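In what follows, chain A forms one complex with chain B and a second complex with chain C.
Take a look at the complex of A and B:
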């Protein structure tokens, strides 16, 4: 089990290195290698999660180690989906480092298997977890495309049209995929919050208790709502939207890690 | 057997010489047969483009051939011998093959890496094939040249990125907008440069062209050319809310569009991106416009800068291409050497003798109790058969006949003698 996790981490690391090389040199071999190691890493990663699931007897989201690992896993799967659908050149070079860092943080967090209170173990666990993680992962990949947009936009604005300019996708594609991901992530987050509330009502008898996790989720929710709102009403797209998507992901990360580590929360994976 | 390139190009001859020498397509068949009638010439290919006229020949005795070709040119084109000699270059064998590979790979082109030359070389080769003026050597050489060119294109970036202002503008537009099919472009002023840039853009399929010119009639004429729509010049700021790509060259002495105009336009078009190309000198659009979000303003110097960078990149890549050419010339000459008669004769003999020895060993193993004398007789008979069988091909290979190259290649293939080029 541990070995699968460790190997996945290594694959993500190699994939990251190849991704960075691709950014710098732009050879096809590194790009292919990056994909191969990403797929290999993902397979091993899936295996490690399944094994942890069997060992613990419940969905492995009972502590921050497990949650960060699942987060990384979700980011990779969303990346694969976007890659298959849109073929955004160089996206992997921005997403795989993200997956690697999430995985690395997971690897240094305490790994013991925590028992999960039986009252929490029902289908709401599945619904809430899947919604929240895929939503967060969509925001992560959106952040990646946002960063790519900002780099490419800088090249065009500053008239520095070197090799990377030629290899990065067009501003339009980056902006479209960025927004697409936000419009995927946002309903998922919405449903995650609602399902969390319903679940909480079932377990603790109240829908909403202004727990820090709840508060920060709501702040994140408002932020992404604002991005969508400004785009529709005030034409905030392109650079502004890209910056907002990066900022939004910072909020996601704080809700995910910051609240768990810094604030006292009732939420699992503290 | 040698290869000879005789030609002139944009570096050695001015256009007035080039156009005199150049072949029209229908002149080439006659040209090819005249060239083949020159003493020593076995095969000929004529490549004639606006930047170069080159004749590729294979045959024996380069000196004789080159004089013959010069005579041919001065007679055909009625051009002073001196002028002709100054423009012509001759490249034999190794240098000749290298030259052809470089031409095919567009390393010798006026615009480094331009793609047309390969197509032109292919048609030149086709014409030679049709007129059966190309044979075993030039066929191999032309095919190899085409494959070298393809290798250069896939393995280096010598043909990548725009090296003209028009293409640089299109490339940028694509990096900003992705597809251009749903984009509207606007011509501000109807200068020649603007027209040219607009041609490029419409060539890449913009949805609509709007023309705003100070003289409305001239604007209408231009709009018709692009099946676009002409508007009054005074209206252009208003119409700019619809335009995604604006090409400006009005010849006005000062800015026709400043930052606050553009800010208003951007507000009206809900901040959708705009790509503005200001090719007027002096500039017509306030450079500060570029500071507005989602507005990308390029002036003529900016575009020239892009072109220069790209050209510089191509030059760097050309060094890699030269290495590939060098490598491939070696490969080609290995094949040429294999066409030499002597090694082929030796190899043929060896093949025959190997068969003889193998069969003799088998036979002697089967027949026990043969005396030394009998053995000797059998060996002698076997050798006699071998010698008699390979004598006529050996004589033919040693001859100086015109078709010797074909025979050599045929023998190598028939007897499976390796060393052939892939």
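Take a look at the complex of A and C:
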């Protein structure tokens, strides 16, 4: 189990290095190598999660180590889906480092398998977490395309139409994929919040308690709702939308890690 | 929106305009989001001491008291229930409703608009447009093209003109309403929540084992009659292996009306009891300070039948079918032994490791004595083959119940469902239109395709190009 995790981490690392190399000096070889190691890492990662599931007897999201690992896993799977559907060149070079950093932070967190408290012993656990994690992952990849947009835009503005400019996707494609990811992440986040509310209603008799985790999810939800509305009604396309999607992801990260670490919440990994 | 009479309805118009503006929506969303943060840092509905400490930490001892009282006056200690926060939500609702009403007529026009055929030059003005050359003349290929259009989900209209043969159609126009369905759902959810707060009840009830109550209590100490009686028949906690991590806790409750037992049911954390609109949840548990509880022992004499006995601490009992007399000398809710001195001690008031110290005599002579520990079956066997199982210390624990009655919850759920439907329509369906113009020679057909969509252009483009590409490959 530990070995599968460690090997996955290594694969993500190699994939990240190759991705960065591809940015600096694009070639077919680095691009293919990056994909191969991403797929290999993802397979091993899946294996380690499944083994931990079997060993612990529950969805492995019971502590920050497991949560960060599952987050990284979700980011990679969303990346694969977008890659298959839209073939956005160089996306991996921006997403794999993100997956690697998440995986790295997971690797340094305490790894013991905790028993589940009665509140968490419920099928809602995997429904709620999978929805939340894939939603957050879509926002992560949206942030990645946002960053790509800003870089490409910089090239266009500076009229530096060199190598990287030609290998990066066009501004229009980046903008559309960015928005598409937000419109995938937003319903998933909504489903995650609703499933959490239904679960809480069953456990505590209240679907909403203004707990910091709930409030921060709602803040994130509002923020993405704002991005969508500004885009449609006020024409916040392109650069503004890209910046907003990066900012939105900061809110996601705070809701994910910040609330658990800094604030007092009933939404515990126990 | 109908145009209000300019002279009379100037103010109405202004207010209406104010509520339809996107700026207001954006400002409200941002304000709600940003002010919400305060309530996640300041602990809500808690004893003042906790937050005073927090304020001292942030602002220093000098400033803290005045900042605290100012924040308290602003309702920040229970901000989500404060007047101004509720006011923000009401404004938000008004904004949602008025925005939606204002835009509906325009949307309805877009949805119901009939498509018309296009002139050839117009085809190239669309962002999705392409030309394909197919083998075979129009007569041969028109079937394939109609099939392709059908597989794309379009019911098309035929039009013949000097330019050639034209087919056009649209689908999912109705998805343009989806965003307003989402707006409506938010209003529904908030409405349900308001009904729950106004007409519902949220309270708690602590019941020691064996006791009953016909009222529950609110947070601020008010009493709510339930209209029936709840009794806690028993309560039990199980732990993971030999840890103090609770695995499961359970109450056995019964409902009584007019002295008659109506139903009896066990409840767990995820499984409440529901009766007469109330839901009773397992929330917490703890020890009762009054310790006049009953030790429940399951006694199995060697070779004999099991019998359940109950006694207080200090009471004596006989092992059935023998002259051996037992005595329950001490009870510990959480027994542990000092590692060095091996002295027994109680490490918690909670029933984490309940144990009873039994002493046995025969004809006045000491036989054996020792601890019987509930969680360790090894300790149940006596040296002479008799078995003593500690079942419970009944009456020592209370069960903490949450009692709720929320008539608004179904409206909230309906709102959630509506929201999901709306989001699906808003993000995954789009109003799509397509035009196809066919021009032919003897053995070739030129197909011009033009299409638009109000959302997800990239994926629609891909779908169309792939479908028509297929036609060129065939044959």
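Everything below uses one rule, namely that the second predicted complex is superposed on the first by the 267 of 270 C-alpha atoms of A that agree within 3 Å, B and C clash if a C-alpha of one lies under 4 Å from a C-alpha of the other, contacts with A are read in each partner's own complex, and residues count from 1 in each chain.
Definition applied: a residue touches a chain if its C-beta (ideal position, glycine included) is under 8 Å from a C-beta of that chain, and two chains touch if they have at least 3 such contacts.
Computed from a prediction, not measured in an experiment: that's the story for all the values here.
Asks: Tell me the contact category for A:235 with respect to chain B and chain C: first, second, both or neither.
Replies: First partner only, chain B.
Asks: Where does A:215 make contact in the superposed view: on chain B (first), on chain C (second), on both, or on neither?
Replies: A:215: touches chain C, not chain B.
Asks: Once the structures are superposed on A, label A:118 by its partner contacts, choosing first (chain B), second (chain C), both or neither.
Replies: second
Asks: Which partner does A:173 contact after superposing on A: first (chain B), second (chain C), both, neither?
Replies: Both partners.
Asks: More residues of chain A are touched by which chain, chain B or chain C?
Replies: Here the partner covering more residues of chain A is C.
Asks: In the superposed arrangement, what residues of chain A touch both chain B and chain C?
Replies: Overlap of chain B and chain C footprints on chain A: residues 173, 234.
Asks: In the complex of these two chains, what residues of chain C are touching chain A?
Replies: For this pair, the touching residues of chain C are 22, 25-26, 29-30, 32-33, 36-37, 39-41, 43-44, 80, 193, 202, 240, 243, 245-249, 268-272, 279, 281, 283, 402, 404, 406, 409, 412-413, 416, 419-420, 423-424, 427, 456-459.
Asks: Of all residues in chain B, which touch chain A in the complex?
Replies: Chain B residues touching chain A: 160-161, 172, 174-179, 270-273, 290, 293-294, 296, 298, 302, 305-306, 309-310, 313.
Asks: Note which residues of chain A are touching chain B in the complex, please.
Replies: Going by the criterion above, the answer is residues 152, 156-157, 159, 161-163, 165-166, 168-173, 234-240.
Asks: Note which residues of chain A are touching chain C in the complex, please.
Replies: Those in contact with chain C are residues 85-86, 114-115, 117-119, 121-122, 173, 176-177, 180, 183-184, 186-187, 190-191, 194, 197-198, 201-208, 210, 212, 215-216, 218-219, 222-223, 225-226, 229-230, 233-234, 259, 263-264.
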